[in-house]
Structure formats: structure tokens, C-alpha cells
Amino acid sequence: MSEPILDLHNLRKTFGALTATDDVSLTLHPGEIHALIGPNGAGKSTLIKLISGELRPDSGTIRFEGQAIDRLGPAARARLGLARSFQVSAVIPGFTVLENVMLAVQGASGASFRFLRPALRDRALTEPAQFHIAHVGMGTRAHMPAADLSHGERRRLEIAMALALRPRAFLLDEPMAGMGTEGARDLTAILSELRTEAPILLVEHDMDAVFALADRISVLVYGRIIATGTVAEIRASEAVRAAYLGDAA
Amino acid sequence: MMLLIEQALNGLQYGMMLFLMAAGLTLVFGVMGLINLAHGALYMVGAFACAAVAGATGSFWLGLAASLAAAAAAGAVVELLVIRRLYARDHLDQVLATFALILVFSEGTRWLFGSFPLYLTLPPLLSGAVTLPGGLQYPLFRLALIGLGAAIAFGLYLLITRTRLGTRIRAGEADREMVAALGVDIARLYTAVFALGAALAGLAGALVGTIQSVQVGMGEPVLILAFVVIVIGGIGSVKGALVGALLVGMTDTLGKAFLPGVLARLIDPSAANTIGSAIASVLIYVLMAGVLIVRPQGLYGERGMA
Amino acid sequence: MTREAALNAALFVALIGTALVAQALGEGFIITLATKAAIFALAGVGLNLVLGYGGLVSFGHAAFFGLGGYATGILASHAMSGVPVATLPFTLNGSTEMLAIWPLAIAASGLAALAIGALSLRTSGVYFIMVTLAFAQMIYYLAISWPAYGGEDGLSFYVRNTFPGLNTFDPIQFFAICAGLLAAALGLVAVLTRSRFGLALRAARQNESRVVAVGIRPYSIRLLAFMLSGMIVGLAGSLYADLNRFVSPAMLSWHMSGEIMVFVILGGVGRLFGPVAGALAYIALEHLLGGVSDYWQALLGLLLLAIVIYAPGGLIGLIAGRRHV
């Protein structure tokens, strides 16, 4: 197998008496979608926050493209190409779709300290932004304020922002949350295309989407990974059934 | 040595008065999430009520009771008419509205009482000095203030940890929706907390007014010091308010008393006096800056609040 | 938007027109009022950069207003006495040239804003309000306890500083300088807030964690905005000192911070011309209400309460409607 893009080694994080992340090791390889599933409170959000840099682990290391990133803050990790989309829909509500994606292009470019040219006339921002907006099928919505978008459109906007970061890896935190069946089908198609851009670590509750998209699945229960494997392996695993799928089925 | 003890007592007394101000502010912020610039106006209301009633009746004690009553009543009225509409607003609206309240209170008081300062006379029971062990003569009234401050701090501790109101206050700090879900009448709880904070501020105003003078605008410098106290102690924490208040009181008093003298040993005395008193006047802000560098959330603040 | 643009133009025309009409009628006092409004508007434009666009509620901008003023007063008084302001590390002589004074006033307030901002921006929300207020109070007490420049009594310098080619003693010519600088500051803020820098600043106000997630550190963006804001307010302070030919600790007081904030909020937060509307309204109110009652500030307070409770968008919001950003 190729070198992993993202390599978590023995990550541990406790909050008081609660061990939210218990010696988690996990890899993400080029071209794959690695899904992370588990019941509510299993520690999925904590793990994502550890990877994005919002939380610091008590022990363990994170390597990104071979480089240890434990000391970097979230902004620096994002600039390296670790693109995150949020559990709670995260766009700039007062900005238009275009401005939102421009902001992401600007973040990736690392050049925010430019003061004279209006950003909306800065083709180094607008052209890539328009391209990514078209990519997620939002071309007709470019000048609509993000606050006025439908839920599904906002998810697409987030994906466009993640694309604009020219990511080396995506961290997608429940992108299907709150979507109707049709929206979820649409987004599944977008995500399966997205993996050609960069591998995806996908946290998702929607099992149809997970089983349709994932190359590998890891099951997180009480902060521990109890199984990692292909879709078929996970479906067949007794331990997973007992701990998780059992009470859903 | 004698001077050091005397100044330390002064610092303690100053700190206790700052605590009375800061406790109300920090409670109101902790429970309702409101920043109240008009807290200094309530301090002034207490001082004027005390001066007016004590002047009319000749009784300092009646004046003191009036200060509590007037400030609590003013607090309750303001909460009902204005503050209540601000809980759901952002801090900017809260700042502007409570700034407007300062203007109304200050000018209203000037209209009622004029611009000249009023003076309070000490009650005979508390005037004069006592001789402390070691022979230090110290004003009895200031000692009484220290004792009263300590008693109120203890009372607040009991109120918050042992009473039903305290349980609700703590619950309100933790989770506002939860309190509402528990069926506590949130509106009345808020009015009560606000009036309690106002009463403490009014009491502080009356007591400090007895040492200094009672005049329009007396509240705001103290308000800003109370902010420094809260930033140092950590917002929402009554314990932080106490520790922060004593730190600020001590630092300010001891700095002003001794810094020029200490500097005079190092450099030319007249320059030392100027530089020393200038530095002493900003010492507490330096202290605050230090806390911000080391612990932006304050000594007893929760991380994430800052 | 066009409605707001028309309103903006009308506001600026009103300011200039008032001064010109007053000049024609020989009403020097009205010109002085218009000058004061222009200077207050300039201070408000500076504060609006952090308050309106950055969402940072600074209650300490009097510090920069006062420092700009004191820099001006100190330079002017040294120019008269002939004693250099400083001899180490280099000789700094006093000056009565506005063109020499402004850069120093701006630099002094900019440096203070950099230091205060660097510390204050470690906090947010209500802490930020209290910390900025406290640091401004610190500078206020420094000014009071430093006897060399008048202490509590302030510092007079009797003669207005000069500007090449203009007679600054003529009220309308001094007004022209102030209005010109106001226009320049408005232009600067308009450009800044539309630039990449402005995009990041406005985004951080609305959703800080999102800005971090695209790889931008809000702290450095905000710190620069805070410093620029302090510099603009410092320039306003320099002009205010020249208007009165006097500086005092009152320029540094919490009350001044509150007033600058009122100019911004009264007009409309985060709107380019909000501070112009706010300052004009404030000066008009001061003049009109002051004629009604000595206690006009109480009436002002009631009016502000009404605006906060019933018209949170400020005056421009009332006329031009609510909007995004």
C-alpha cells in the first residue's frame, strides 16, 4: 500500500474522567474514502478536532504527508491542505456564495495582507472561486447571500470551500446531516467525485452513503477503534454488530 | 513597619469595597450574560441616598439602609424597564444602552442634588481610632469596612452554596435553558439577581462616600477598577472577584505608598517622586496585562469564556 | 444600496454645505460646530473599522484620540519654548507644522494601539470590552499623574498649528483641512474593507472558526485593523487638539470612548458613512438639546435608549433599511 497521507498514531485525549479518544491509530491513503462510524458520543467529533488542531491530544502523534503536525495550530494545518467541513454548517452567512469561496481561495493562497485592490475584482480570487462553485453545481447561485441558501446548497458551498483550499486531504464531518433523500443522493455523487481530488476521512451517520462510498470503514465505540476493514468485512463483523449495528438493525 | 501594616490595612479595605462592586457585576454577567456599565451609577445612587437620608434624619444607619433600598429599587426598576430587553442582544447593544443609562442617572442626579459634592459624617459609634496590637492607631471605621466586606463575602458564599436562590444562580450560570426547563421563573430570578448586585454596589457607594465625598460621576472610575478586578479574577466567579479585588486593592495602595520612596533610593528624589507616582497609578493595569499574558481567562475563569 | 449611496452623498453635502452657508452668513460658531462634527466623524470612521467591520467592541478608543491630541499639544508647546521634546536616542524638536505633527501623532497612537491591541485581542467578547476600557483608563491616569504636561489641568498651546498654503486661523480653511482628511479616511476605509484584508476581517466577525479553517489567523488580521483604527482616531485627536488649542485628560476619559462609540452606533454600525451621520446628529443634538436644558445629556441618554431598543440599525438603518455584512 502507498504511504498514508494522514497517519494517526496512538492518539489519546481525556476530559477529566472521560476518555474521549483512547489510543486511536488510523491511516488515510491517497484516493480512498475512509469512513469513521460509531454511535453518538463515541468520540468522533473529538477525533476530528484533534486532527484539525482545535484540540491538542494528551499523547500520540499525527503525521500529515510524512510530517509531524502536532505543533501546528488549526490555521496552519488548513494551509498545509487539511480541509475541514463542519458538523454545524459553517459558512459566512452575510457573504455571497462567491465571497465565501473567495475567502477559502484567499486562505489557501496565504496572502490576506493585501489592502488596495477590491477582492471582488481580484481575478486571482474570483476565477478559482467561480471554477469551484461551478464544480459543485452552484453556478447560478454565485451572488446569493449564503444565509438565503437551502440546507443542501449550503452543504455544496462548504464542499466548494473545501475544494478551494486545494486540499491534500478532506475531513468531512457529517456532510449528509439534515439532508433529504434526494439531496443525500446528489451529495454522494459529488463526494465520490471528490475523492479524485484528495482522499476523504468521512464521519457520517447515513449508512447508505457510507456503504456506497467508503473503501474502508473504522468503527469507533467509547473512544476506541473496535474494527477497521472493507465494507464487506465490517458488515460481517460480529463485534461491530454487537457494539453498534446491532441496535440500529 | 508600622506604615506597612497601616497601608496593608488600607489596601485590604479598598479591596473589600472593590469586591462589593465586582461581585454584583460578575454575578449579573455570569447569570444573565449582560455587561452592565451602569453598575457605577447604582453605586452613586447608593451614596446619594445615604447622604440625603443621613442629612435629613441625622442618622447614618438610616442612611445606610436607604442606600441599600434605593440602589436595589433603582436596579429592579432599570432591570424591568430596560435591561430585560437586552439579554438577547449582543454586547454592543448592551454597552450602548447601559452607557445611555449612565448619562440619564448622572444628569438626573445632578439635577436633583447639584454639582457640589456632599459629605457624610461618621456615626459616633464608628468614629475615632483604635489601637491595634503593636501600638498602631487605625481608624475604627476602616476596620469596620474590612469586617463588613469579609462578612458580605462570606454571606454571598453561603447564599450561593446553601440557598435555593443560590442553586438557581449556579444553574443559570451553567445553562440558561435548563433553568427555564426546570420551571424556575427566569424573569423574577433575573430581577432578583440584578437588584442584589445593585444593592451591593449601592452599599459600597455609601461606605466609600463616607470616607471620600459623594458626587456625580463617582461611580465610573470604580466601575472600571471593578472591570480590572473581574478580568484578573475571571468573569462569573465570585471567588475570583474577591481574590482579584484584594490583589487590586493591595497593589494600588502599596504601590502608591511605597513606590516613589523605593525609587528615590535609586535615582534623584524629585524625579523619583514624579516617575514613582506615575508608575504607581498604572500598576494595577500592568498587573492586568500580566494576567492577560499568562491566563487570558482570568485566575478563576473557565477556559473558553475569554 | 443605491439608496444608501445617495444618503451618503447627501450626508457629506450636508456637512460641507452647513459650513459654506455659515461662512456666507458670517456664522463662525456654526463653522466651528461643523468642524467639530467632521473631527468626531473622523474618529468614528476609525473606530468603525474595528467595531463595525471587525465586530470588536473597543471601549478604549479615547486612548488613541487623546494620544493624538497630546502628541500635538506637546510638539506645539515645545516648539514655543524652544526646548527639544527629546534628545535621546535622537533629537526631536517641537513643531507647529501640521504636516510634521500628524505623522508623529499617528505614530504615537498607532504604537499604543499595537500594544493595547496585542494584549486585548487575546480575549474576546465582554472581556475585550472591559480590557480596552481598562487600558484606556491607564493612559488617562498616566496623563493625570505626569505633571510635565499639565497633569489634570491639561495643556494649552494658544496658537493653532500651520498648514502650508492655508491660513488655519480662518475657521473655514481649518474646516476644509478636517473635511479633506475625513474624506480621505472614508476613502481609505472603503478600499480597505473591500480588499482581501477587509474580506478576512469581515468574515472573522461573522464566523471566526470558519476563517481559521480556511487557514487565516484572525488575530493578525484584527491586530492590524486595531492599529489602523487607532491611527485614524489619533489623527482625529490631533485635529481636535488644534481646534481647541488645548488638550486635557478629558480627551482620554472613558466618557470620550463612549462618545466615539455613540457616533458610530447612532449612525449605523458597519456602514461606511454611519459615523458621519452619527457625528452630525450628535453635534446637532448637543446644540439643540443644550439650548433646551442644561441637563441635555439626560435627554441624549433617553434618545440613545430608544435607538438601541427600537432602531438597532442606527439612523442610516432607519432610512436605508437593514442589510447584510
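Chains: A, B and C, in written order; residue numbering restarts at 1 for each.
In this text, a residue touches a chain if its C-beta (ideal position, glycine included) is under 8 Å from a C-beta of that chain, and two chains touch if they have at least 3 such contacts.
Remember, predicted model here, so these are calculated numbers, not experimental data.
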- Task: Considering only which chains touch which, label the overall pattern as line, ring, star, complete or other.
- Result: line
- Top chain pair, ranked by how many C-beta pairs fall in contact: B-C
- Item | By mean Cα position, the chain sitting nearest the middle | C
- Query: Where the CA atoms of chain B average out and where those of chain C average out, how many Å apart are those spots?
  - Reply: 31
- Taking each chain's centre as the mean of its CA atoms, how far is chain A from chain C in angstrom? 44
- Task: Could you put a whole-Å number on the gap between the CA centroids of chain A and chain B?
- Result: 49
- Message: Multi-chain contacts only, two chains or more: what residues does chain C have there?
- Response: none
- Message: Considering only the defined contacts, which chain A positions touch chain C in the complex?
- Response: 52, 54, 73-76, 78-79, 84, 86, 90-95, 99, 102-104, 106-108, 110-120, 122, 125, 145, 147, 161, 164-165
- Note on the structure: Per the touch rule, the chain B residues reaching chain C in their complex are 29, 35, 82, 85-86, 89, 91-93, 95-97, 99-104, 106-108, 110-111, 220-221, 224, 227-228, 230-231, 235, 274, 277-278, 280-282, 285, 288-289, 292-293, 296, 305-306
- Query: What residues of chain C sit close enough to touch chain B in their complex?
  - Reply: 51, 57, 59, 119-120, 122-127, 129-131, 133-135, 137-138, 141-142, 144-148, 254-255, 258, 261-262, 265, 269, 295-298, 300-305, 307-309, 312
- Note on the structure: In the complex, the residues of chain C that touch chain A are 191-192, 194-200, 202-203, 206-207, 209-217, 220-221, 224, 324-325
